[in-house]
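Okay, got some structures for you below.
Two complexes, one shared chain (chain A), two partners (chain B, chain C).
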Partner chain A sequence: MARPSILRRTIATPLILSALLMAFALVAWFAGSRPFNQTVIDIFLQVVFVVGLYTFVGNSGVISFGHIAFACLGGYVAAWTTIKPMMKGMAMPGLPDWLMQLEIPFWAAALAGGGFAAFWALVFGAVLMRLSGIAASIATFAMLAMVNSIYSNWSSVTAATSSVVGIPIIRTIWPYLIAAILAVFIAWAFSISRYGLALRAARDEPTAAAASGVNITRMRLIAFVISGAIMGAGGALYAHSIGLVTPDTFYLGLTFTTLSMLVVGGIGSLSGAVLGVLILSSLIQGLRWLEAGVQVGTSTIALPGGVQEIALGVVMIAILMFRPAGIMGNSELTGRRARTEKPGQPGTN
Partner chain B sequence: MGGLMQVVFDALSLGSLYALGALGIALIFGVMRLVNFAHGDVIAFSVFALLWPSVDAVAIIFAGNLPWFLLIPFTLLVGAGLSVLSEMVVFRRFRHANPATMMIASFALGFVIRYFLLMLFSSRPKSISLLPGLSQPVELLGARIPLLQLITILVTIGVLIGLTAFLRRTRFGLEMRAAAENFTMARMLGVRANRVIMGAFALSGALAAAVALILGSQTGTANIMMGASVMLMAFIATVIGGMGSLAGAVIAGFALGTIATVMQVILPPDARAFRDAFVYGAVILVLILRPQGLLAGRGTKERV
Partner chain C sequence: MKRLTAILAATTCLSGAAFADDDRIIVGFATAETGFMQAYDKPAQDAAMIRIAEINAAGGLLGKQIEVVNADTKTDRAEGAKAGLSVIDAGADMVVVSCDYDFGAPAALAAESNAMISFFLCAESVKAGIQGVGPNSFSASVLGPVQGATMAEWAYNKKEARSFYRLLDTWTEYNKSICDGFDWMLPQLAGATLVGEDTFLNEDASIAAQITRIKSLPEEPDAIMLCTMMPGAVSAIKQLRAAGINSMILNGSGVDGSYWLSAVPDLSNFFVPVQGSIYGDDPNADVTAFNAKFLEVTGGEPSTQYTYPGYVMIDVWAKAVERAGTTETSAVVAELEKMNGEPTLFGPRTFTSELHHQNQARYLIVETNNGKPGVVDEWTISAPIPVADLIK
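Now for the complex of A and B:
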């Protein structure tokens, strides 16, 4: 009896969020301008990343600085599987033969990227999920640095720090829209599944949850693998959106943007994850536009480079100060009147 | 013999760097449970404070031209000042926030500092010559090592002795240790929270500046990302050492330096580029065996 009711009670959230994303896509489609198109693609990719991060961080309450590592794994899978074999041979001569000859469509590469990232999430997670709290967060940071260090140095299969070019570029927004909506539905399905519920119980009351038979380590591992898969697929699509990958594309900068969007929207809320992306992306676009220079009368006024990140950091700190649970708190968009329960803070474990 | 001593000195000097960094992080964690991700950017800021803002590849040395007996205190003051400022402007408002929130806030602050530097200096690394007299080699126990390496080790030992004396012998040190042990209780017994926390931030900032001076003279470059790798190793050292345990942080810092140097020697040449990846891997192994760290700090255990 409980299951169908929770499904019916919460199905509105992913539907509303998908409608919101679709509205963005339609605006982009009608506007029809190339730069705006690219912006909307970036937003959808960011939705995939932030929702992927939310799937783990939101449900488990463990802050992860390492999820962009999975995007890196996925991005390079796209490079390995979709670049024309001839170009691959020059940039990455160390690839095994079967991979060298492989040339698959982009959606298959995204699935493969997700699978590859999920596998490594399982391996890393089996180790990391035994830690908790701050030690776990720092260990995820070490994981990010480890992946970055390997991909920056293993020149025969990743071309080291130079960019790997020649990944087929997909310019239409629809695949990215579908990916973002799929990510939202996967995250929603996980959070109402028995595993997601058990994990959130463990986040809020670890002792009580453990006493009720919740295997916290195992629940966290499941969330880690699912979110790793979403990040991996997102990384592969990211590679297809710009046509090249470098290890530093997927490092601290992207980690910072992704984390700040989740924090601003609300760590414990799926709606917060999506809204955080939409709000901060608009802010970033506005600042990028100002950094490029605005014509005022006869002179061009341009902000110096770096203002965008500084503003992002300041917004993030301000949100943490005045509304630590983020814009959405722990609540979701349900289409009904806001519930009266107080937005609590996500746990620290 | 000479070769072995070379490795020993390399390990000690790299370990010193990590230990100083770890100490700066552990000090702040001890008094307010803040994992300070901005520490690495305080390191970078301290180096750039010696330069005049410009986006050229060649650095315009400004305060860096001071003689060494002024240069060193100046840099230490800059580090301490920035650190105290970040406490007053940002972290003071997070006193009652949970550690995860503070950690994210410090991550954001680090980015603000880094991109502030980027705005003034661009992201290109700049070559600087800081304390150039220190690069000449000296002969010691059959090994030829740069004078700087020797000084790094000696300075670290000096700092450790000084800090121990400060924490054990002075009233302020006593208050700080009391605060690290049980902050609420210490306040009830008359320890002034603001003073102790600002003291911890000032010390931590000065330690960051010391790391900055060593790094700057060692590499001869100023780079807005220069603090990041030391900071990561320092973090790892504090986690392995047991969060909040100062002695543990120092020991773990030296242990990491030793592991990294030994790996540099024993790994086959092809694999040397992956040294850091191996070190991170080793760290994760240690954490599985001892999730609380080698010397678990008090008050960090999960209470039921």
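Now for the complex of A and C:
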């Protein structure tokens, strides 16, 4: 009896977020500028990453520093499966024959990347999900470092630290938009599923949840695998957006960017994850344009180089000062927030 | 927020409105203006700007003035792709990308997919060109292996070096490429032997273990081929000398410059190959004049030889455009590929349809003696390194 109502009560969130993403895509399409188009592609990829991260972190309450490792796994799957066999042989001679001959379209590579990452998330998760709190976070960090060292040194299969080039570049915005929207819907569907609800119960009241029969380790593992799959697909698409992969692309820089976007948006909220990316990316972009210089009349106004990084830091501190739980806190965009806004009573909870 | 984005989008359209027209030629720099790559890109870019100013002062290229558009890669690969696209949208006829292959490739790939010429400012990997980007990509510098090969052959012929020791810092591809060139050359030198080899990592605080192995050789080797780069190079050199190893030390161009010499006082018997001398003693007086001009324009003398490829880049490209009579990609690439020993301020340059890089080049040999670096010789390897050996 309550089941149709949870769907109906929460479906507005992914719809609103998708509309927002669509609006960005349309602006990029109408603007017709290729660098701007690339910027929006980048934003969509960040949305995929942050939503992937949210699927685990938001629902389980365990901060993960390791999710970018799954993006790395996915990125290299794209390299293994889409580069022309001849170029592959040169850069990565150690690949097995069947993989060497394989050349699949980018969307299949994204799916394969997601699957590969999900498999490893299952393997790692089976061990790591028994831990909780800070110990789990540190263990995920170790996983990131481990994946990074393997990919930076296994030269016959990953070309070690050299860039792997030859990945077909996809510069139209639509595949990335679809990926971002799919990620949002998967994350939403998981969070309203019984597993998602059980996991959030375990996040807020682990003892009570366990007493009510919630297998916390198993719930976390499910979330870990799903979020790993999203990250993997995102990583593969990332590879297609610039045409090359290196292990250090998928390391600390991207880890902290995505985490801070999630924290600024609101860890416990899907809308927060998406808005965090959209707001911070727009800010970064705006500041970069100001750094490059804006023509006003006959004179050009430009900020000194490096201001972007500083201003971004200041804005993030300000947001966290006034909204310690992030922009969205724990609430979601439901289209009727004004009337129903009560602490502890947001859409999905 | 949507409105904000719309406004921002509108501004890019305005700033991107400098479309190519018929009375000027545009060079687009998609290079690092911030981040660590800036230290490599900026000097080479300044040198390129000097050549552009010279061409413009002499009446321009094909009678048109050369203009420049810039986009910052922020030393970031994803930003690099955007920077490449923005200079292309701003009407660039040629795209200049970051010094390093890894950081320049995204912008170069963007240029390649728009069938445009891209030039790496000073990349020394064979991938910075046809092999790693595509048929319209070039590098303005010389391949890393040529440096290792040059040092080995020169030391063999001019310093009578017969026993060599190979010490490789496995940190970067650049380091490995220098030793690859050395490995290629050594078997061709009759009577030269490799008495030992070892590796270390740039960040290693101590290379005591490696030094012990050198010390335990029955005889001190004539020469140590040291394939490393900054910042670890300084510490490795210091430790070698402090341990009383006085063999001549051969290096790649990455350790050129006098900025670090105070850390190893009275360093001697130390050799570096360079494309041009920053020490004011280049055999070509025009190079010294260029250094003076660089000082006048930028307020400082070139600090390493990696400044020079930027100048060479504009020089060879402009010549190709002049000969082709157009900036159209295929015509200019064809002209560039016809260059065989094309004279430049920093030695002859050759491009072929299978290699857009130098696999043989004239190098000046700089010796540091009692802490004072100076040009002592010049050397060109006896045969170009075959492309097949470069790609392996």
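Keep in mind that, in the parts below, the second predicted complex is superposed on the first by the 301 of 349 C-alpha atoms of A that agree within 3 Å, B and C clash if a C-alpha of one lies under 4 Å from a C-alpha of the other, contacts with A are read in each partner's own complex, and residues count from 1 in each chain.
Methods note: a residue touches a chain if its C-beta (ideal position, glycine included) is under 8 Å from a C-beta of that chain, and two chains touch if they have at least 3 such contacts.
Only a predicted model underlies this, so the values are computations on that prediction, with no experimental measurement involved.
Legend: residue contacts after superposition of the two complexes on their common chain; A:161 is shown touching chain C, with no touch to chain B.
In the superposed pair of complexes, A:182 makes contact with neither chain B nor chain C.
In the superposition on chain A, A:305 contacts both chain B and chain C.
Within the superposed three-chain model, A:139 lies in touch with chain B and out of touch with chain C [touch as defined at top].
Of the two partner chains, neither chain B nor chain C is touched by A:108. By the touch criterion stated above, A:122 is placed in contact with neither chain B nor chain C.
According to the touch criterion, the shared surface of chain A, contacted by chain B in one complex and chain C in the other, consists of residues 305-306. Contact residues of chain A toward chain C in the complex are 20, 23-24, 27-28, 30-39, 42, 90, 161-163, 165, 169, 171, 238, 241-244, 246, 249, 278-279, 282, 285-286, 288-289, 291-295, 305-306. Interface residues of chain A, counted against chain B in their complex, comprise 61, 63, 65, 127-128, 130-135, 137-139, 141-143, 145-146, 149-150, 153-154, 206-207, 252, 256, 259-260, 263, 304-310, 312-314, 316-317, 320-321, 324, 345-346, 348-349.
The touching residues of chain B, when paired with chain A in their complex, are 35, 90, 93-94, 97-101, 103-105, 107-109, 111-112, 114-116, 118-119, 122, 228-229, 232, 235-236, 239, 243, 273-274, 276-277, 280-281, 283-284, 287-288, 291, 293, 302, 304.
Residues 1-2, 4-6, 8-16, 33-34, 71-72, 77-78, 80-83, 85-86, 88-89, 101-102, 105-106, 109-110, 113, 127, 131-133, 172-173, 391 of chain C touch chain A in their complex.
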